[in-house]
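Below you'll find a set of structures to go through.
Presented sequentially are two complexes of chain A, the first with chain B as partner and the second with chain C.
Let's look at the complex of A and B:
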């Protein structure tokens, strides 16, 4: 069974200018936006961290993993529980979240990364369902269906981080995510990831352990998803088990696909489009999900390489870009 | 005994859902996420038709035909074109997920979020079988229908030309197309048969609970988990996987705290995938 790899040429260099440009636009927002805009922007930071890290797994590493939502949700819950029940500082909570999600990824990844294609998808989807069920059932710790309310807010010195000041924290986390992913993709490890995706046999022959590379990718992505969960928890200060709905992974995966798998610029554009357009159209949740479903069908039918691919094709047809 | 009976009851439902997945995946390699939704659509259509005052048998047949038609349409309009273009499994899975969402939330928008029980085809009689053991007429219908549907599907796969093409396509698609099997027709037939099985299951499952736009979610998931537990080698796979999952879940919920019974499907699936990736009923054919 073929991997989603090879759909789109890898263009890691796109990161170089996308990161600062997106950052400047996002950083300017508190000067003109109201609280509602700030909430949208924080949610956008969270979603971007998630889609960028998911792209590392499904795009660069070519693993069709459907468990991203579990690592995000577990990260969010770990932070909330550590802050509320154990009184830990938010920064320690972040380390805790990353540690718990990454350990979970290592635990589940060790056997799962040996599975291929559909089996990998089925096992990881079942895993995220399992996590959702466990969190709902372990109500003494997680509040069950009611979730956790009144998480203590984060402080930096004596400054309470909420609203716009917390948005700055979210932006820093997003920038760190960019930085981490950029450095990974430009390192030897990044080339090992892509080699393992494109030709596991040849990679193994040159002394790479494909299973280990896949596992490390999964663990890193889980850690980043946990950071997204941390941002979510300390901005909203409340959370419930809707965070763990396995449908989210598909929505993020779709955002990655709309932009173009394995293409950072595309992932950013896809995430922006699919997060902001329903918000501005004022859709209710059910309608938004329905609309995303319709889009999923249309995009897979008519633009399977995403918007990036669509633009590429148009440029090629008009002769503005040479076929490579 | 009561545990055994109710385990077999829900296990039969899982087995039927798994059979729908099996028919499609064995012939085409596609895991059709939308299977649970065709069941839900049949249930909601049934309620709607009964609401129009149509006689019961007409509502049953009409709803099954309607849901099967949608399953066929999804193949004709979306999955067929994707497969002809050799779309990657990830793209196909995402398209199927899109179909699932559209069917589920589209029903939610059109029909509303009401949940109502479907009147049971077998009436609401209860039979007492000795001390404290009883069985609903609907449960008996479920046991009998499951047996009939499994035997019928197996016979169809063995003795009709179309069924045999499905099996040949499952073993070797390339060789099948070389001996004149039209893979496009096979795919359409598989989606139709899978939809038909799922739609029929609605009239067995929905009278036990209630039917609304979210009804397809859980049986759909449990169905494919049961299939992967049982294995993809023969229709015995979904049957054994479904019944085993149902029995285990019901006994776990009887004897263990609920957190274990909810997680058992996953635990079993993981165990099977790692110990016997081909499922419990593995094929005798060497790979």
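Let's look at the complex of A and C:
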């Protein structure tokens, strides 16, 4: 494979064919399925937006950040509140969700992105728990533990977006996520992200402000997580504070790790595997977590670069991809 | 070989020093690493800082680069007090540095490593990064990268990942990255450490090329031979103090310097 000049991480070029391939498969999914399958497919879109954006933070930017669920949940709540209590159009709600989550990320990120490793993990986890508590307590706005029901549905002209038609919207959002992430990785900003991850000191010596780059990565990922929250809200039209359970961040983290951190193809595979397998095998939560645990151990032992790394090695061994 | 327009304009006719340290002291807890060090580096010279281990050379280097701030004293660069400016701000003002260890961006190609050095990082345009609309042309920076890769001799490994290179190659990539920013003052931290004599020849050529182009060079170095070959101006450090400052032939004859080295 000829190496296009200027592409930052070697594996990022896989996005070029992964994006359309994943898109076609996902687009075809619900057409031989029932409503249940459509729901799974929409949830998959939501999860993919979340794991891909989380991967920008933990993979490409190297920040061990555990507050992704807060940005997702706040995005979902903002949309629900703006649509139900303020009667805003769903498209304005999306802008509102992005703005609120991104501002929240900027606010928490300014002090927190100066922390490293486990300190960053603990601080962001604490923030995530804090958001969950606040949303549960602010019941006049959020409905507390009871949540928000009967969010008005989204319309496109006179077409009510629900079921398969809303799934199309979810797919568009997923495609936009791919587009934005791919563009970022192929830009000067992308090089600044990788440089800051690889060596913050050397990045600074090159004129890059590492704290600002980390912060902007967090803000963009939070904005994308808010889009996922918007999709969730306007598909389900109901939500409660389970959405903000910090456990979700770990589930997405596992998907990223199993797939291969900083590896887009791997993250897509990890997300598909860990979302669909438990769904179709009908596992209960306990069994799913047990299964994820076993899978994590196997991946750590036999494929430390994740499933994406494993595929990469296989392609190399069979000569389909040349060693770099 | 290199485009110098920016530097030529920046070189004034007066002989104000490009860098001046005014009574710099640095204490780490009870330890005094630097004691009242003052020095001036003239525009266009190659200045070498030498001294035995523990002399405070590295601390002095970090204070000039901006990764360590002094306990007292000030750093004046191109007539401006930069003592409180972070390293990245100084780099944007044309003060580039290298590290003792190569410190490349290991997952990037050689070409991208040097491109990061060549690019202007003072503005962050996120909209253009996300949409690829309103992008500025990278052609100028790319052309500069090709030039630099030729200068430091890494053109034939341009598309290799930095983590796959030998130490000497990584060193040249890091030096190239610093040169690519078109610095007015280039700080080199022990550039010859761990290099073969062939690599050292390439390094000497690169440093001389940069100087011929108008860059002022300040290097901290153990390798006495390299210092004597290259420098117009030598500063000798010993136990945190400056004990010698002048032309190589004068410094070599200074009694205090000879004493410090023989005593060490």
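FYI, the second predicted complex is superposed on the first by the 287 of 324 C-alpha atoms of A that agree within 3 Å, B and C clash if a C-alpha of one lies under 4 Å from a C-alpha of the other, contacts with A are read in each partner's own complex, and residues count from 1 in each chain.
The rule is short, and it goes like this: a contact is a pair of C-beta atoms (placed from the backbone, for glycine too) under 8 Å apart; a residue touches a chain by one contact, two chains touch by 3 or more.
Keep in mind it's a predicted model, so treat the numbers as computed, not measured.
Using the superposition on chain A described above, determine whether A:300 touches chain B (first), chain C (second), both, or neither.
So A:300 only meets chain B here.
So, A:187: does it touch chain B (first), chain C (second), both, or neither?
In the superposed model, A:187 contacts chain C only, not chain B.
So in the superposed three-chain picture, is A:195 touching just chain B, just chain C, both, or none of them (first/second/both/neither)?
Second partner only, chain C.
Once the structures are superposed on A, label A:220 by its partner contacts, choosing first (chain B), second (chain C), both or neither.
second
Considering only the touch criterion stated at the top, classify A:168 as touching first (chain B), second (chain C), both, or neither.
neither
Applying the touch criterion given at the start, work out whether A:205 contacts chain B, chain C, both or neither, answering first, second, both or neither.
So A:205 only meets chain C here.
Quick one: classify A:250 as touching chain B (first), chain C (second), both or neither.
A:250 sits against chain B, while chain C stays out of touch.
Looking at A:277 after the superposition, I want to know if it touches chain B, chain C, both of them or none. Which is it: first, second, both, neither?
neither
For chain A, what residues appear in both contact lists, the one with chain B and the one with chain C?
Overlap of chain B and chain C footprints on chain A: residues 3.
Quick check on the complex: what are the chain B residues that touch chain A?
Counting only chain B, the residues touching chain A are 29, 31, 78, 81-82, 85, 87-95, 97-102, 105-106, 108-109, 221, 224-225, 228, 258-259, 262-263, 265-267, 269-270, 273-274, 277.
Taking the touch rule as given, give the residues of chain A at its contact with chain B in the complex, in rising order.
Interface residues on chain A, with respect to chain B: 1-4, 7, 58, 64, 111, 115, 117-119, 121-123, 126-127, 129-130, 133-134, 136-138, 247, 250, 253-254, 257, 261, 286-287, 289-290, 292-297, 300-301, 304.
Considering only the defined contacts, which chain A positions touch chain C in the complex?
3, 5-6, 8-10, 180, 183-184, 186-192, 194-195, 198-199, 201-210, 212-213, 216, 220, 324
For a test of understanding, state which residues of chain C touch chain A in their complex under the given definition.
Interface residues on the chain C side: 65, 67, 86-88, 91-92, 96-99, 103-109, 111-112, 115-117, 119-122, 124-126, 128-132, 135, 138, 142, 159-161, 164, 174, 177-178, 181.
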